[in-house]
Every structure is written in structure tokens, then in C-alpha cells.
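Here chain A shows up in two complexes: once beside chain B, once beside chain C.
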Partner chain A sequence: MKTVYVVCATGIATSTMLRLKVESFLEERGIEARVLQFRVTELSPERVEADVILATTEIPPEFEGLATVINGISLITGIGQGETLESLARALRDDS
Partner chain B sequence: MQYQFGDLLKAEHVLVNVPAVNARDAISLLSTALERTGTVSPGFAEDVWNREQTFPTGLPTQPLAVAIPHADPDHVNHSGICIGALKSPVHFVQMGTDGSTVLEVHVVFLLAIKEKEKQVEMIQQLMRLIQSPRLVDGLSNSGSTSEAVAVITTMLT
Partner chain C sequence: MEGILTSIGEFLNGLGPLIALPVVIALLGIILGQKWDSAIRSGLMTAVAFVGIFLTVGLLGSTVSTIGQTFATNTGTNLDIIDIGWPAASALAFATPVGNLIIPLGILLNVLLLIFGLTQTLDVDIWNFWHMAFVGALVQFVTGSFMLGLFAALLTLVIALFLADWSAPLIQKHFKMPGISIPHLQSAGYMLLAVPFGWLVNRVAFLKNMKLNPDTIRKKLGLLGEPMVLGFIIGFLLGILGGQGLKDAILTAVNTAAVMLLIPRMVSILVEALTPVAEAASKYMTKRFKGREFYIGLDSAVLAGNSTVIAAGLLLVPLEILLALALSPLGNRTLPFIDLADGVFVAAMLAPLVAGDVILTTLLGVIVMGIGLIFTTLLAPGVTQLVNTSSLGLDIPTGYATYTVMSDAAIPTSYGLYYLFQTPAAIAVIVSLLLVVGLYYLKRSVNLEKLFGAKK
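== the complex of A and B ==
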């Protein structure tokens, strides 16, 4: 199963918002994926098992190539969130 | 989706015409309101400000930008939110950026979060408030706390 990490600075506020949005979007689309919530300092490039990292904080460049990194701010503001959710869906569809 | 105003907010935590001169001042003034009700302990404002400098919380909502400063639960006694409509906007750095993107923030939502698992509903309501353009506009134009409370109540029902 594909895995999505939702990530913010404290692992409490905005990552919860991301998780709620992503879970309802995946359910609506019938996409099966695990959604795991982290604070950014808990992530280590050696232990990434995500297909997508959706974050409201800057993700260090060493994670690029390990997962598709997507900026999740639009899911918090609601401005442009449709596009962000579509890129999430595409990243989870890719047979990689 | 019938929410009671009190599920999310106390009237004592809704401030209008907040005379903040900068982001740090806004955090401090809103923290004082949370301290008065025992929601947080002294030290919370400093925690929030320290975190804000590393992980900024300005959000480019439209038509007006907001900020959602918060911190680890060390100085939080129980969860709550303080909403402050500022007299004049102050600068907050945009979330997820390195400091180069600065927003003119009109409304600040100061979050005190104790245990994340129990706060899902509160966070869900907060997200609805943040994403409602009429809310931020309405709060900025509120002349009194009771007006602001009425604006928020309308958004939540």
C-alpha cells in the first residue's frame, strides 16, 4: 500500500489539518493509502517509507528523490487546494 | 454540523482592536488573555515566539492573511484558542518559507493545544474558520467582542 506522510513543525496543528483533508480526499476518491503524521524533526532520510511527503514546513533537499515532496499550505488556506490534491492523487497513482 | 460557540472558544478569548505593533506583541497580548483564564501558564508566549522564529505560521488566506502561532504543550494547561483581530496588520513570515515571504496579518489565531488526539474536532472547526473569507473580513470590521462572537457563531453553524 502507498504511504503518505503528513508533516509539520510540531506534529500537532497543521499536520492534523493535512491528515483530515487527505483522509477524506482519499476516501472520496477510493484511493487506498496509509496516512502517517510526523513532526519534521522526526524524519530521517535513512528511514523514509513514504511515497509522498505532504508538508507545511520546508523539507530538507536530501528527501527529494526518496518521495514526492508536496507543499501542503494550500490545504490549510483552502486557496488552490484542488490542484494540490490532484498532485497527491497523481503521485499515488504512479507505478513507481 | 451544528457546533456550539463554546466548543471552540470562550468570549474572553475573542479580542478586537488589538493594538499590537508587531508579531511578537500580538502573540504576547493574546497569550495574556489565555493566561487570565488559566488556559496557559506564564512562559507560553515565549515558547510561541521562539517557535515562530524557526517555524513561522503566517497563512496567505484570502482576502486577508492570518497567522496561527502555537507551541509545544509545555505551558498549556488545557486546550483553547484565542482569536485577535488586530487594529493594524503586523508582519508574520509565511509558513513553510525561510523568512523571505512576509505577510500582512490582520487576524491571529493563537492555539493552545494540550493533547493532539483529543483536539481533532477543535482543529477541524479552526480550519473552517480560517478558510472562510467572510470570517476574517467580519472580524476585522467588528467593533466589539460581542460583534466578533456573533460573526464566529454564524460561521460555525
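== the complex of A and C ==
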């Protein structure tokens, strides 16, 4: 199963909102994936086991290449959230 | 009107946080068009979150009360006021008379200000209305009046919105996040104080020439970025310095680590409960303001992943402890503790004032927290009263410990209004309204982006 990390600066507030939206979107689309919630400073490149990192905050450059990094701000503002969710779905569909 | 609000406030508070806020949240959700079953679920989850927070805050109480006093006596420092941290403070603030009403009234006020064109910020971050409730609770403590507390809380929301409008162009450009603003006092409040200092340090050449790479700091101090690990280290050090034996110090360390991990987990349940309501509010408002340009107001956490912000936030951990010791002759009695984990909020909106320079951001952080620490000590009676009277049931041996909240008591709006409302009510109301009008003209006449935007 693929794994999505939802990440914000506290691991409390905006990442919770991301998790709720992502979970209901995945259920709607029938996509199976694990959704785990983190604080950005808890992540370390050696321990990342995610296919997608969806974050409301900047993710350090060393994570590029380890997972598909997607900016999740639109899921908080509500502007452009459709596109963001589509790119999440695409990243989870790819068999790479 | 006044009588009605007061009796609603008293009635709700009599019900306690397990009933009052959940009912308000469910009703608000239904009014804003949330499906009734989902609204009731939000209400129930709010209550459940409070149960979880009570349990973990109890653990915090038993951990900190063993540290504060012994640390002060054994080290000979007078740092005997313990910082309980913002996650616990947020629950305390929502569990007050003002806290019960701040979310519906805050949304209403934001809508009115948008209609009259006084703000461009639509604050969808209703979770952070707890900062306003915190100020309201302090003012109610000072004045004994619920209405004045509510007034101060709503005024604080206006200040937060104005600060968000004012800083939006600079923030959007610096962090490359178009369309947002940050009405989050835990960062914007510090920025207000830091603006003149920012202007000053940008003009000191030798400061500008010291360069520090944020990524190096982030990699070296990375462990401090994980609250559980930070909690263990801080708990152990405080235990040892407080004269505990090795075994007890390790127990203190483990308990502190647990507090750092568990309270935020419980608070995230509260956020989860409020999220559908926030979404309903944001849909409701965007529908009514179609075709108008406005900024979406967010939590400053969205800025806090920036490498300068993280680096400065990490550097502030040891610096805040040193500051507390250095300022103790000047009257500081606050022992920085739980809020050490969240230096990123202090740094988030200071970084754009110095074009993202790590050393200067940290320097500004030291200045605002230095001033703030003194006030965290001065506001401790109000915070302790908040802890004792909230129905959270924190287990405190009476006459033993004094508490403060390092993050929030250090915000200029918190201490500003706390002191202003010690004057007669009429003066306090008039002066605070004048200050808000002043801030309105400041945001219209001073362009922060021109003043601080990176010149290339």
C-alpha cells in the first residue's frame, strides 16, 4: 500500500485539516493508502517511507526525490484544491 | 443586549467546557450549513477532545509542580514560575466564559469588517481564536467583568486582522504564498514589536555581514526540533539541576517527553472537531463575498517550514533559557519549558523583516522574547487564576506553584491589554479603541513591503 505523509509545522493544526480532506478524498475515489501525520522537524531523510509528502509548509530540499512533494496550502484556503487533490491521486496511481 | 450576552455567557460557563463549547460548535455548524449529523459529530468530538486534554494536562500539572519550586531553591535562581505551554493554554482559554462565545462572535465580527471594507482578511483559522479568548480571560481576571473581557477579546481579533492585512504583501512575497495573510497573534503579535528593531538592525552593517547557513543549523540541531526528544532533554536537565537523583531525573524527563507528545495529540483532536465547522464557515463566507478580492487568513504554521524560520526557532531554544537566567536580576521569574518547542512561531514573521537572515531573525527573536519574558512573569497571577478557575481540573497544590504561558503572555497584545484594563473601564475602552484606529492608519500608510522587501 502507498503512503501519504501529511505535514505541517506543528503536526497539530493544518496537518490535521489535510489529513481529514485527504482521507475523505481517498475514500471517495476508492484509493487505498496509509495517511500519516507529521511535524516537519520530525521528518528525516533516512526514515522517510512515503510515496507522497503533502505539506502546508516548506519541505527541505533533501526530501525531493525520496517522495513526491506536493504543496497542500490550497486544501486549507480552498482555492485550487481540486487540482492539488488530482495531483495527489496521480502520484498514488503511478507505479513507479 | 449587554444583559443578554452576560447571561448567555454565565449560563454557558455554568455548563462547563464539556457541554458549553460542544453545543456552541454544533449549533454554529448547523447555522453555517453543515449537515446536522456532521455538526453534532463535531460537537461531540469537541467534548471528547476536552476529556483527552484534561487527562494529559493533569499529567503536565504533576510533572511541572515537582520541577518549578525545587529548581528555584536548588539552583539559587529565582525562576519559580513554570511555563505550561500553548497547547494546554489553548484548551484553558476555550474553557472560559469568553472562550465559549469567541468563535461565533469572532466570525460575525470578521464578516462585518469585510462588509465595511475595513479588512481584506477572511480568517478561516478559527482554531486560533483561542488567542483572543486568552486575552479576554486575562482582562476578565483584571476587571472582573465578562463584558470587558469579551470586548478585549474581540478587539484583539480586530488587531490580528489589521496586522494580517498590514503584513500580507511582505509575507506573500517573502514566502512566495500568494493570496494569504497571517492573522495569527502567536507570530503577528511579535512582528508588531519587532518592526522598529528590524528597521534598526538592517542599518547596522557588521550585523548584516555575518552569514549563517540555515540548513547547517537545521541538520546540527535537528533533534531539538522533535518535541518528544526536546522534552526528554529539558526534563532531564531541569531534574538534575533541581537536585533530583538520577532515577527521579530520568522519570521527570520521560514525563516531560510524554507531555510534549501527548497534549498536542489531544489538541489535534480539538482541531479535527473544529475543521468541518471552519470549512462550513469559509464556504459560507466565500459565497457571500464572491467577486471580491481578499486574503485567506491562515495559521503561521504554514510559514514555519521555511529553513530560516526553523533554524532561528532551534537557536532560540538555548537562547530563551539563557535569556531567562540573564533577565532574572531584572525581575524575570519565568522558567521556559513547554513553549521551548515552538520557537518557530516567534521567528515566522520576524524573518521577512531581515530578508531571511538567520542571525538577524534570531536576534529579533531574542529582543522580543527578552521583553516578553519579563511580562510572562508579570502576567503569571492572571494565568494562574485562569488555570485554577477553568473547569479543566488541573491538579495543583494550592499556594505552591505559579504558572505562565511563555508564548502567549509574551505577545504585546496580551500584556498591553492586561495593563490597559487595570485603568478605569471607560479610559481602557477609549484608549484601546484609539490604538486600534491608530493601527488601521498605520497599515494604510506604512508599506512594510517597501520598507523591508529584499532589495536586489
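Keep in mind that, in the parts below, the second predicted complex is superposed on the first by the 96 of 96 C-alpha atoms of A that agree within 3 Å, B and C clash if a C-alpha of one lies under 4 Å from a C-alpha of the other, contacts with A are read in each partner's own complex, and residues count from 1 in each chain.
Everything below uses one rule, namely that contacts are C-beta pairs under 8 Å (C-beta built on N, C-alpha and C of every residue); 3 or more make two chains touch, one makes a residue touch a chain.
Every value quoted in this text rests on a predicted model; they were computed, and no experiment measured them.
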- [ ] Could you check whether chain B and chain C clash or fit when both are placed on chain A?
- [x] clash
Open item on the list: Looking at A:14, would you say it contacts chain B, chain C, both, or neither? Reply first, second, both or neither.
Closed with: both
TODO: Please indicate which partner A:58 is in contact with in the superposed arrangement: first for chain B, second for chain C, both, or neither.
DONE: both
- [ ] Quick one: name whichever of chain B and chain C touches more residues of chain A.
- [x] C
- [ ] Would you check which partner chain A:76 touches, where first means chain B only, second means chain C only, and both and neither mean what they say?
- [x] both
TODO: Check the residue A:24 against both partner chains and state whether it touches chain B (first), chain C (second), both, or neither.
DONE: neither
TODO: Determine, for the stretches 4-12, 22-30, 202-210 or 418-426 of chain C, which one clashes with chain B when the structures are superposed.
DONE: 22-30
TODO: Using the superposition described at the top, list the residues of chain A that contact chain B and also contact chain C.
DONE: 8-14, 16-17, 20, 55-58, 73, 76-79
TODO: Spell out the residues on chain A that touch chain B in their complex, using ranges where they run on.
DONE: 8-14, 16-17, 20, 55-58, 71, 73, 76-79
Open item on the list: Quick check on the complex: what are the chain A residues that touch chain C?
Closed with: 7-17, 20, 37, 39-42, 44, 55-60, 73, 76-79
Task: chain A-facing residues of chain C, complex - done: 87, 124, 127, 175, 177, 179-180, 215, 218, 222, 225-227, 264, 267-268, 271-272, 275-276, 278-279, 282-283, 286, 296, 298-299, 301-307, 310, 342, 344
Open item on the list: Can you tell me which positions in chain B touch chain A when the two form their complex?
Closed with: 51, 54-55, 59-62, 68, 70-73, 94-98, 111, 113, 116, 119-120, 123-124, 126-127, 130-131
